[in-house]
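Have a look at these structures, which come just after this line.
Next come two complexes, and both contain subunit A; in the first it sits with subunit B, in the second with subunit C.
Up next, the complex of A and B:
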């Protein structure tokens, strides 16, 4: 073979004793790994095309298939790792920027895993969520600094628009285009059933989904795809996307192959054209410009909807958040460096931004130091993986969490990290009709509801153990957290004590 | 071992209170005796009392009660006070030497009025000025601690059992229209006098039995508004919350109670529209001031008392009455000591405030 050859990353192991050559694997694989040798009546595999999405493994009726990591390795080198060398080969082959999908997979610290949660013993009672009320409802939005009364002394109850959530979780932005119609439908229906919200992402809102508007956040990103009056009015809130945790500093990129049919119409751009959002909003070059866009969107929606400003967690996030809090925004969403994406340059995904745990802790503290924490709500995302991550995030100071990777996993994603190819065998990150139809929105929405219901139970169990019966008493309650194996500086930034202290 | 304030120390407790709705004066002996049957609810590591109406001859002046760790600290502090206040009286707080109470700090009181010129230059009202000064002394002045700062009221507290603390401070020689009392059962303490209850700011005093699970959420919120939780105790943060809600936000006692012991959302849903809107509003705006975990508190204020349990009623508290008097206690036994024939003894529901006021003009 030539210098361009890279040995396949995975091997397809087929147990010939079990294989009945039913050709399901062949039909299921959009990457065309499997083929049928009619002369010999056997199945063949082309491992070079395999992305390890596990579709064939899951659907094989006789469990004849497994995908394993190839043990064909380069000579070991602690400095020049296998992946590093292969990336160089790929770039020498193509001259291009490396593309990746989903969140940063590298072994950088996951602070959630180094934080432990408290429980009550003796001096105050744990509360049993099966027997006592346990409240998870939250309201997101700006709260007034002072109450005011009318001439009769009654409290004036008018308040800036708020989002009411039955639990402190929302599905974060994934655009129609990057994910499929059926994926969007699943998210919208699940959010409605759960009493939470999902987010359109930057690709506009398909006309079929306007009916879920009360549970929809409509996003305005730098490309302004699909943004017009009806769109802004359709949602419960408007989110300005300034940045994304997976790729801070650059805009979105949806390849023309995914801009087909309704995606093109919804985005209001021609079929087949690449949808490339600019890195900045070209009307926002500074914080005072952001204020103008926030107020413009409020004006356009008659001050009836809260405006969210979403930013990537970057080094100076505390000062940036403080600026946003004073910009008129009602909610700040911060996306950590492990956040997922449908496509991002690998170097950016793996090297830019900071962990959400540290960003959240420093932003929450900064806003409190400035006395403006109640002026905004804080939503955090960028790899919230479980109910305990949610509890830890709330205790560090978040009002709610954004989840997306966990949601697509519930829909069937197996984290093969090749969304950018548009050939998602699970019908999620694709626009090919024969693949999209594999995701049944009835089943998809049910699985999302199941996941969130399970998390809500777990959140209540964890809260009850701490003797807390309402989520608002957990928010910012850092005494409920302890660090394990963290250094003084990390503990200081997180604002928590070490276990044993 | 770390001192209280450097570390958070949970504690269980006993509380008691009495008030005369007609403003009739009672000596502090009654409330002292009320703590005796609840001896086992304390462990000798803290007891204290608050009396209202006890300084009628100085009722126009703020009574600042201090603990000083040494004479030099008091001298320095006095210099600081003179820059800000007119001091009309300065004296040691009278105590009895008894074997049960030892190692006392210097216990002093000043009756003061803020200097008008200072108020004008700082553009502050009198109460805010006094509150900020107290906060400044307690945060910045090592070895000096203000433990009472209201008008015509005072707190008296020490390390010891409450019935001994009452004797130590000669409470039988004071007369007030209302009294609150506290016996402390800290799980672990170096035994600092300032850590005992009641905890006060201006004329608000709190005695509290419980260990709240919302502490850090409450603390980190209230500290945005200039309060500094130096002691890391539940009582301290609840006092600041009440000061913020009542004095700064202008909420009524009932409204403040519906913030800290907010009704469940399901209860709010069942209310008539206007009340539902108001409760939803308060719970949304002040969500970080919801107090969870077990507590029973008695809030003392100028002219009244409010008793309140956490919304699940995880701590005992009973109320009784006789003639002009209303009694509140962790246990009925304490009420029976104060008034053997007390009537209408009942246990208020979780989150149900019991508010008793002295008739207008009677205090």
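Up next, the complex of A and C:
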């Protein structure tokens, strides 16, 4: 191709007065942006390769570097925006499907930001979480409809298997293969220390991590990678992945270049072969089929472990959830359209699925209306960004939240959204050994524990303000929420009043 | 006694430790002023290849060959730390020859320099450890 239509997206700005030519930037950039000109003793940069992951910026000892968005301007207009034009150039160049990583970046409504939380004043007292006990513990699983007693009048305690979480948050599924060994170890160790769970994703469980089994959710996806008896028995729960928020309706494709060594062994597929997860489970074409798989997995684990069914939030989500609640599953996990991914076709990521806030509200309402809400616990994910998002999700009806993007951010991710390249400079979404070792799990797990500890404090503060001392009392308590700038239909779906009402 | 230990498993070979060391021992308060456009004389060196890296600095041996071999009495042991008196060093470089770790090097003005655990400069704790982005160098009792 003789003419390059695309001007680089970012500019590498180096303050030459500060640069000491230590070459740390050069050694740390897997994209080979930086180089050293030994004739003149200065650093050079090739911004065409820069993905703005900020690794060089973070490690530069004299803060001589910054990356800025290029202001080189195409003649865009309201219809033909810069990104749209560039996508056309890319496809005209490659002839391929556009790929992207992480969640939907488009300016579609974020309902969390249009929901406000209540606080107690005068007539009901707020609670100070530093002085009073606050309960953030939750149990996930099917709950009994009523108390039943045996012939001696003792309460029967043989309820369905439950997951106990110290706070209503879990790390959502990210497979070993899409993320590195050290990233998985960080998540596993943090989940264990926090008393919560992390999720293997669909890539199997590395043999070194079976010891964290009590805090692990093992996933069974359409590719069935790494699934066998010991795997199912290793986890605290089994999750059937039907869909993913970032790419509802399509499967996965981990390129052969990432199927190396332990990844190949863990997934139980040959080295260098592409790991392709089909779009459907080839044995599931109805709720009855799903029920069969749920029951098969329960049979395989002797009915000791709850089964989670994870689906993407799509148009008919309330009816789908109603079906799942009748399938024998213990927990439904719903993933909204802002959920992250290691790679998805751009058009799908940006245009398919619905916001998790609306999906959650409609599912919770539907299950209540049908009297089957206690059949299942609801877990929601798809860009839960903060403790306030968690509190709003619980008040809308969720039992717990799945977080992944926030977790990888804690590990160092800078959302450069090029996971698909396999050259993650932060050692997260890569299998290259020299990059993987950049993430020391001692540091990674500590940062995850810090993040979740901070969120737990904030959740307690928000609950205290509302005069609520147990997260169980907040669940589905939509009176604690008010909408701001939402229309009647949105308020109706969310089941909340407008601010001021 | 607390010593500086390298953990090659986590060393990225970024060489930040070398620059932090040179800066800490420069006596300057600004890294740019201390290091820009000058040859640097770090007391820690990253060694290795594409597959493995590690940072080497003085081991502060219990029975140090360098101290034994010093002809001018410039090297001595103070509370377990092997120190150098730059005023006494005559630059014979025998210590460099005998150190089995290659941890002693020639500094500015032809005299020898070595890691003194940042106890002699304003850093207060080893600058290499403080600045390591991946806990690949630690300062601990073993």
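As a working rule, the second predicted complex is superposed on the first by the 496 of 501 C-alpha atoms of A that agree within 3 Å, B and C clash if a C-alpha of one lies under 4 Å from a C-alpha of the other, contacts with A are read in each partner's own complex, and residues count from 1 in each chain.
The definition used in the following text is that a residue touches a chain if its C-beta (ideal position, glycine included) is under 8 Å from a C-beta of that chain, and two chains touch if they have at least 3 such contacts.
Bear in mind that the values here come from a model prediction, so they are computed numbers and not experimental data.
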Touched partner set for A:157, first subunit B, second subunit C, both or neither: first
Subunit A residues touched by each partner, larger count belonging to subunit B or subunit C: B
Subunit B versus subunit C as contact partner of A:346, first or second or both or neither: neither
Which of subunit B and subunit C A:386 touches, first, second, both or neither: neither
Partner chain(s) touched by A:374 [first = subunit B, second = subunit C, both, neither]: first
Touched partner set for A:472, first subunit B, second subunit C, both or neither: first
Interfacial residue positions of subunit A with respect to subunit C in the complex: 17-20, 22-24, 27-28, 41, 58-59, 61-62, 64, 433-434, 437-438, 440, 442-443
Residue ranges of subunit B touching subunit A (in the complex, touch as defined): 8, 10-12, 187, 210-218, 220-221, 223-225, 249-251, 255, 262, 264-266, 277-278, 280-282, 284-285, 287-288, 290-294, 311-312, 314
Touching residues on subunit A, where the partner in the complex is subunit B: 120, 122-125, 127, 132-133, 135, 137-139, 143-144, 146-147, 149, 154-155, 157, 159, 162, 368, 371, 373-374, 397, 466-470, 472-480
Of all residues in subunit C, those that touch subunit A in their complex: 9-10, 12-16, 18-20, 23, 31-32, 35-37, 50-51, 131, 133-136
